[in-house]
Amino acid sequence: MELITATITNLLILSSMYILVALGFAFLFSMLGILNLAHGAIYMLGGYIGLSLIMALGLNQWLALLLTTLIVATFGIFLEKYCFRPFVGDFNRIITICVVITVVLQTGVNIIAGTQILSLPPFAEGVLHIGPASVSYERIVTFAIGAVLLLAITWFVNRTKWGQQMQAISQDLEGAYLQGINVHRVSALATFMGCGLAAIAGCLMGAYLCLGPFMGDFMLVKVLMLTIIAGVGSISGIFIAGIILGSLDSILPLLVSGAASDATAVGILIVLLLIRPQGFFGHEVEM
Amino acid sequence: MLLEINGLTKYFGGLAAVRDFNMHIDEGELLGLIGPNGAGKTTIFNLITSMYKPTKGKIIFDGNDITSKKPHEIARLGIGRTFQLNPLFADFTVLQNVSTSFHLHPKSSLPDIYFNTAKYRRNEAYILEQSQEILKMVGLDKVENELAKNLPHGYQKMLGIARALAVKPRLLILDEPIAGMNPSEIDFTLDAIRKMQQQKITIFLVEHNMKILELCERVVVIDFGQKIAEGLPNDVRENKEVIRAYFGGERVT
Amino acid sequence: MERRLSIKGRRELTRPAVYAGLAVIVALLPLFFESPYILHILILTFIYIIATVSFRTIVISGQFPLAHAAFMGIGAYLAAMAAKWLGMSPWITIPLSALITAGIGMLIGYPFSRLRSLYYAMGSLFFGMGIIQVIYAGGSWTGGYSGLTGIPALLPGVGSKVPYYYFFLGLALVSIIALYRIEFSRIGTNLKAIAQSHVVASSVGINEGGYRILAVGVGCFFVGLAGASYAHYNMVLSCSSFNFMATLWLVMYVLIGGVSSFAGPIVGTIILIIIPEYFRDLKMYSPFVNAVILGIVVYLMPQGLVGLPRLVKSKFTERRKTKKVNHAS
């Protein structure tokens, strides 16, 4: 019973975290065509800044979470303006600049805090008992935050004017320009939100698991997998792919040990990619 | 008959782009396929050259069933083509575009190419010579060292034709060869096509500009993926169905 | 005759003397640098040069495989395991492993070659990751997480690095010449044609699927060769040398040097390996050196380092032109 509740909560948390980060990644990709390989590093940065605020300023986790989000999101805007926008369309230079950003962030964090094993304090204490099952409040809260954010983002993209402009840009950049949409401003907004989401996920995962200078690499790989399976331009696709991936990562380790479970997950994804290369939910992309 | 098309049908989803299309071309003919925009002309071309697979029907070239062959195999059998949107080897020069297209004739084997044998060098010299001759014939010899992407539109289309000629085709398929050209370019192209016909190349072209009729010996007209008329250019020009397709009547596109 | 047809042909072929001179200098380096550590770095440079040039051979066909380091790993582990568990001689395992790596590459390349650009890149990325996981899962056969040790040496009983230096120098030269020949023959032209428009290429009879797989096969052969040789030199293998980050760095070496020129990968590899070595004392800070080099090239040199002479020359002529104008007025 313990195992079942633990697995279920793990599944929910992993899925929602993957989706949060993948959404941010997808925003940048579908709007500017940029494969932000530095997104993992931004996620990691969020976690560490959150911890720093808590430790250095003695803030409680919630305030730190809020502040971290603002800081990282703003950082994202600068990244977009000075590092991504000049190179839109030039695949090679985008990869290079992303590697630069990743290396700088990872090395910097590694130097400052690399050798210690750190984690954020939990966002809630205590255990909830429902009949025979017991779940820690921390897990519930973590998942709740993720779920609320996802609902908010979904509402934002579908119901607000800004969100619809974002959708327009992702479907037809030139058309959006011609319609008078301020592409630069909307892109900046999307980056702001995307990096903010990654930062929040970084803090939450930093509390749920632990922090590490290279935790971004792990998350980036998950996000790439997710995006490919989901396809471009479909938010519901990201949700579904996120749940699939979260499920694989929670359940497979129970069936197959250690490295073999990772290998199996990758194997399944390769097969999916070969069956339907453009993803299962998005629209076709001519490259 | 050099090319025979039987019962060709192609569905895209639920939409029939081509439906039960039959036609043939005899060796040495200059045949035109005309019809309004969206009638299915390019689809038929793409079906012949295996860019698409037909839903139904057969295409037979010189006795061989080519319906399911791959594009490069079709080139090997002797069909050369141009494309409507005219993709080219953009970063190659004009000369390189043509010389690269001489892949098949003469064909050097991989070992010959890699080890730079005498045979390979002879072939390359021959290819160079032939490329320059083709460029002269289509009037591009002055710009042979220009990058293809820097050429003006009309020149690019001529380059497309030059490239197709390098395949030493028995059947040359031209997809809208004079689209987007100004009158002098059109005259020049029509002249080049006449020259090719004199060299005994069978030519099958697609156009929606009626001016091409001056060249054709025979014309097939299609609309909505089906043949609506066939015959001599003058007869077709008078045909009521054809006039309706182009100029009047209700069109539901 | 062929000179007029190849793209950079004229520039590359009128400098054989310079290249020969460079080769001689490189061959004489061990006389000046006796430190085994420096020789080790140079050997690694040679190995990575083979890897990056072979990577570029695949790239010119329009494919961007994000698993190249994984194939180096395949080559390395196959050779190491064959030598260690089957007792085969390194002189056999190295070419054999290269061939098998090429075979695997072509087998995998076949289904992936139908994918275009982005999806190909992603698919190969996942494949690379999968390979790493397979190696981890290999238990004591592959050494799992802790790595494989006790691999038989190429030159058993030889303590000095100098013979290894010449072996790898020779290997690198042979590989460079072999890959050069591919690029500047009709094979290379066809690959570049496929990259520009596979539709046109197939319409002139180029078997685009076949050529793509050929490119992958050749690229994987040489990177497998490099990996296998590395295994028998280092005698120890660790999985993390062949993961996605390793592939990404190979890509960086190529991009920094300049992906549109044959010499690009060579220049990029040398710069990004040798220069950080000067800053080796910075230890933890040394990745910053790489980042700085990457940043400079990205912002200032779009053509990569190979384009530097041209860039400098154009800035020079620009300044002279404005000087002339100023003098005239």
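Annotations for the structure displayed:
Letters A, B and C name the chains as they come in the text, with residue numbers starting at 1 for each one.
Simple rule for what comes next: a contact is a pair of C-beta atoms (placed from the backbone, for glycine too) under 8 Å apart; a residue touches a chain by one contact, two chains touch by 3 or more.
These numbers come from a predicted model, not from an experiment.
The chain with its CA mean position farthest from that of chain C is B. When chain centres are taken as C-alpha averages, the shortest distance to the whole-protein C-alpha average belongs to C.
Chain centres here are Cα means. That of chain A falls 32 Å from that of chain C.
Here the spacing of chain A and chain B, counted between their Cα centres, is 50 Å.
Chain centres here are Cα means. That of chain B falls 41 Å from that of chain C. Shared interface positions of chain A, defined as residues touching 2 or more other chains, are absent.
Touching chain C in their complex are the following residues of chain B: 49, 51, 70-72, 75-76, 80-81, 83, 87-92, 95-96, 99-104, 108, 110, 113-114, 116, 120-121, 124-125, 128, 163-164, 166-167.
Per the touch definition, chain A reaches chain C in the complex via residues 37, 87, 90, 92-93, 95-97, 99-100, 103-104, 106-107, 110-111, 114, 217, 221, 224-225, 228, 258-260, 262-263, 266-267, 269-270, 273-274, 277-278, 285-287. For chain C in complex with chain B, the touching residues are 1-2, 4-5, 7, 181-182, 185-187, 189-190, 192-193, 196-197, 199-209. On chain C, the positions that touch chain A within their shared complex are 111-112, 114-119, 122-123, 125-127, 129-130, 133-134, 136-137, 144-145, 244-245, 248, 251-252, 255-256, 259, 284-285, 287-288, 290-291, 294-295, 297-298, 302.
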